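This is the structure I want to talk about, given as structure tokens.
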Amino acid sequence: MADINSATTDIIRAHHTLSFQVVKLAFMMTGNGLYTGQVHLLDIDLHPDFYDVTPSSFYTTGMREVTVIYNPRNQYAHKYNFGHALLYAGSKNMMGAAILCAKACLRAGCGLITVHTETGTQPVIQASFPEAITSNENDLQLLSKKKAAIGMGPGIEPSPANAILLDELCSTWDGALVIDATALHLLTGKQTTLLPRKNHSTVLTPHTGEFDKLFGSSSNDFERLEKSIANAKTLNSYIVLKGPHTSIACPDGNVYFNTSGNAGMATAGSGDVLTGIITGLLSQGYSEKEACLLGVYLHGLAGDFAAEKHSQEAMIASDIIDSIGECFKKIRDLKSQTPNVY
Amino acid sequence: MADINSATTDIIRAHHTLSFQVVKLAFMMTGNGLYTGQVHLLDIDLHPDFYDVTPSSFYTTGMREVTVIYNPRNQYAHKYNFGHALLYAGSKNMMGAAILCAKACLRAGCGLITVHTETGTQPVIQASFPEAITSNENDLQLLSKKKAAIGMGPGIEPSPANAILLDELCSTWDGALVIDATALHLLTGKQTTLLPRKNHSTVLTPHTGEFDKLFGSSSNDFERLEKSIANAKTLNSYIVLKGPHTSIACPDGNVYFNTSGNAGMATAGSGDVLTGIITGLLSQGYSEKEACLLGVYLHGLAGDFAAEKHSQEAMIASDIIDSIGECFKKIRDLKSQTPNVY
Amino acid sequence: MADINSATTDIIRAHHTLSFQVVKLAFMMTGNGLYTGQVHLLDIDLHPDFYDVTPSSFYTTGMREVTVIYNPRNQYAHKYNFGHALLYAGSKNMMGAAILCAKACLRAGCGLITVHTETGTQPVIQASFPEAITSNENDLQLLSKKKAAIGMGPGIEPSPANAILLDELCSTWDGALVIDATALHLLTGKQTTLLPRKNHSTVLTPHTGEFDKLFGSSSNDFERLEKSIANAKTLNSYIVLKGPHTSIACPDGNVYFNTSGNAGMATAGSGDVLTGIITGLLSQGYSEKEACLLGVYLHGLAGDFAAEKHSQEAMIASDIIDSIGECFKKIRDLKSQTPNVY
Amino acid sequence: MADINSATTDIIRAHHTLSFQVVKLAFMMTGNGLYTGQVHLLDIDLHPDFYDVTPSSFYTTGMREVTVIYNPRNQYAHKYNFGHALLYAGSKNMMGAAILCAKACLRAGCGLITVHTETGTQPVIQASFPEAITSNENDLQLLSKKKAAIGMGPGIEPSPANAILLDELCSTWDGALVIDATALHLLTGKQTTLLPRKNHSTVLTPHTGEFDKLFGSSSNDFERLEKSIANAKTLNSYIVLKGPHTSIACPDGNVYFNTSGNAGMATAGSGDVLTGIITGLLSQGYSEKEACLLGVYLHGLAGDFAAEKHSQEAMIASDIIDSIGECFKKIRDLKSQTPNVY
């Protein structure tokens, strides 16, 4: 089994696959999981510089990489230093998405969070998450004022009003923007018009189904990966393709595969949590690339802690949120122990 | 005291009862608990093959059996792999039943959960359990689309609309179905018409009172057991008769007695939790038989963990839900340690 | 300082008071706490039989006494064995009282709990405590059917409708009844008419202020104690006079002083929790006397656990509820270790 | 770098700053944090009496000082001994502020808490915090009766009605008063008229932005500090200027800098928690000075416990509330170990 997806040829269904020193691209493909079984890396004593001198546009994100990205808090900060995030999330039957997204956003470290919801649904958020401010202000210019980052999508209706809002966001909002879930649905067919209008990059967080609707279906994971790279470039976007090894395709053509996470995260609301985390990191001033890499890794690591506590079967999205703190503590400890990674 | 319930003859009220190697059927009868006191099994060194070669239609479900049934998660899964469960549960004064059932369902491992509730009651669910999607869509065809399993009954009104819904479910829904609580009440008198219409088996989860309404009163536990076997066959149903040793009568005539659980589970909402767990397991692709055996055992084991933490008196149904994760971890650990049970 | 409250004579304000073997009645009086400081009992090696042969109508309730009262669960029980409790509690601005009372009631071990509340307030209870059934059924005969015990008072309005309900409860309800808070206010002036109508004893749970309104003001704690004894006899009631050493005056003239608890329990909702616990114990079949002694002790012990975890200052009523399980576990363990106390 | 803020001259950006024995005033200035890096105090063996004989109007509040202030509970208390606090807090989109403030207030040890909120928003508080009583009674005289302390501001609307209420509070309310958030905004421009009308001191808890609106902008932290001292005197108020080293300027001209806390407290709702804590301490009978010193320190220490558990990034305001109990336990333990500090 080589670096292309050889679904058309004969393949052995291995229980174990041995490889030298580094993971192969094919191991990152969801569809190949059936054939590799458990992957073992054999240390062949490659010189560490090897990684830096060998050109590749494919990377993995692990604890080492996020420890470099992570930026400990300035001890003289106040809440406005960590940004005020704005979320467009939730609707009458999907308020939970707004709650999960908002909680994750604040626990990812932003200073303040405002959730725009349908009129009448505010009490649900406030009873569940008192730290959130709610709003039903429909004037984007008013509501987005002094906001550091905006996330749109979890649990919203695919309504004409939301389609107009997405259009307006892409046309007039200068800051960091994450588009997820229903907002990706609303974006479908307009992405080449809307996204390039923006001054800087956008973050898109589709799962495979949403990705295929946006960019057309693919016959295999490699083709889908190629599409994500092409579109990340064209649309000046970070395309976070969610799956067992979530890939982040960057506008510069590089791709980062995430190495944390587990099958217990295949649970309702897990994606809303990721959107909240990335928006919360953007809000604190992390760049789009940093927020995607650190956010996706944090989400997976929090899921690993949650599975350890609750099992993969029983864990739910709220458990992922509750484990975000442990992740930051672990990353901070590692960073303080390895001063040379600063 | 032999294998029949000899309530009409003189019986000793023992503090302790000693038996050889295996439990006797009579020990599984609730009404006999008064007479056996604590049961002790004496190991007489029977050959393990004994169990397999001795024909019987009565079995007990213990950790050994559920470890075989339990199917660890494929690491390359996404939430649609674990199924989207649909619950008809809750009404104005019984919303809690919907919340408990839905939480248990998701913590049992299904991927997504939608709760159909009365119009106006959605905020109660969403504030309590953000992972749930709510719906008041009354068109079964629309709502049941792409659902993996349906549970009906906890906390619903015995209304004409719900009677019609139950009828429609039995007539048109092809997938896995659990009928509990008020839905059992609505089924009463129509079971011989409705249940055989279905292509495959149904799961019924009555407590003794509900069972007697459905199938007529019994003069003792043995008679009730016989009725459950007869009806399981006739109605092509798994009849989960809830009690201290919950019995599961299968369409093939076999009966499985559960061995986990304790008297602390005699608390409000405990049955709603069981319905949620079974629906959640069905949703992941477990067969009706597997979902009943594994679900009833999980429910009891989670209750045992809850009693250890909170006492039998103080434990409540939410504590059972909170302990589901520990059960899966224990079963998974056992399974990984005994590869030959695969 | 002797056994009467000598507030009119010169008293030393001691930091420590030493006494022989047993507490003196005066130590149980709240007003004397200022003068005794910390009380130390010196063991003078009195024969244990002393307690049984020395006639007194004043007793203390400690771990030894409640271990005798406590009745472990029959392992073959279902939820109807532990009774269905009914609470009249809560109103628009005091819903919390209903939630705290209902949670404590179920955690005290009753099988089912229905809370009667004002129309429109049900969602608040259901979102907070899914195990509860709510009701706004105003027909007492309908609602009280098949109920094992009724508690009335926490957080209700002093409305004419509630006055009529209390009257009806006393006139027609045959089962166990606890009257607290606003219901005590509504009872004031009518107690000699209403309470003797009942077939069996009632439980009243006033704090000092409510007691004085019911039975007239007292010049000191001894006078108040005497009044509680006299009224307990006349009204065939158990009068639980809440304070640092809660006293329970019984219809037979005996008084039991509680020995558990701490000043951290002087917090909003603590009394609602006590009412819930006593109603929950009555619901399981404990007698009025047993429910009062065990309930008051449990409440205090749970408060002691809560203070250990959260401090006396920071602990709130919910923390008391969360500690009820630890109390039952401790009492059960003690009982199983000392079989002769059965 | 001396004791004035020398922002206009050349400054070294140090990684570490060494100082002798005691902190310098300049280290307390937020703006200087950029230049000092981490501050280390070198023990030069100064005689402990030094602190008492060296005149200064600048103090730090540490564990030693709050242990002296802290007053353990009288064991014969009931809830009315710890006071009934009243909060004007919350509005349709900011109910969370009311919940956080009320929870912190009760966990700080007051006996009872009533929250005045907009009509229709009560259910949100009651579902989240059952210990609270809610009210929409707009007559201050009625509502403030028998209240021990009042806090106004978190999450309220800047409405004319609230402006009138603030005016009335300052004119007619004799007891302890804390003004925060929106109430500070409403006070702006009227402080010299309203505050001196009161019989005794008021507590103001502005962050830098609110402070500058009230008292005019400052070119540096020293100027702002001077303004806080001048206004504390003129307005007979305790001015709690929130920041990394929160300062408390007293009417007598002294200033206390807090030494607990961390950058994780720069999170939504953290200020609402502080207002609750101070109001709760005032309610128990602590003086304004004691409540400010103890309250600000408790708030910071609880934040330190929360950061230890959840990390600075992931901790949210609710985590601070949950840690208040640990603070009281620590302070109480220290006090009991050092009887000479009584």
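Order of writing sets the labels: A, B, C and D. Residues in every chain begin at 1.
The rule we apply is simple: a residue touches a chain if its C-beta (ideal position, glycine included) is under 8 Å from a C-beta of that chain, and two chains touch if they have at least 3 such contacts.
This one's a predicted model, so the numbers in the text were calculated from it and none came from an experiment.
Trainee: Give me the chains shared as neighbours by chain C and chain D.
Mentor: The common neighbours do not exist; no chain touches both.
Trainee: Quick one: compare the interface residues of chain B with those of chain C and tell me same or different, with half as the dividing line.
Mentor: different
Trainee: Compute the distance, rounded to whole Å, between the mean C-alpha positions of chain A and chain C.
Mentor: 53
Trainee: So, what's the distance in Å between the C-alpha centres of chain D and chain A?
Mentor: Centres of chain A and chain D (C-alpha means) sit 38 Å apart.
Trainee: Mark out which residues of chain A touch at least two other chains, giving numbers and ranges.
Mentor: Answer for chain A, listing residues that touch two or more other chains: 123, 127.
Trainee: Could you tell me which shape the graph of touching chains takes: line, ring, star, complete or other?
Mentor: ring
Trainee: Considering every pair of chains, which are in touch?
Mentor: The set of touching chain pairs is A-B, A-D, B-C, C-D.
Trainee: So in the complex, the part of chain C that touches chain D is made up of which residues?
Mentor: Within the complex, chain C touches chain D at residues 30-31, 33-34, 92-97, 99-100, 121, 123-124, 127-128, 207-208, 242-244, 262-264, 266-270, 309-318.
Trainee: In the complex of these two chains, what residues of chain B are touching chain A?
Mentor: 72-82, 106-109, 111-113, 122-123, 126-127, 129-136, 324-329, 332
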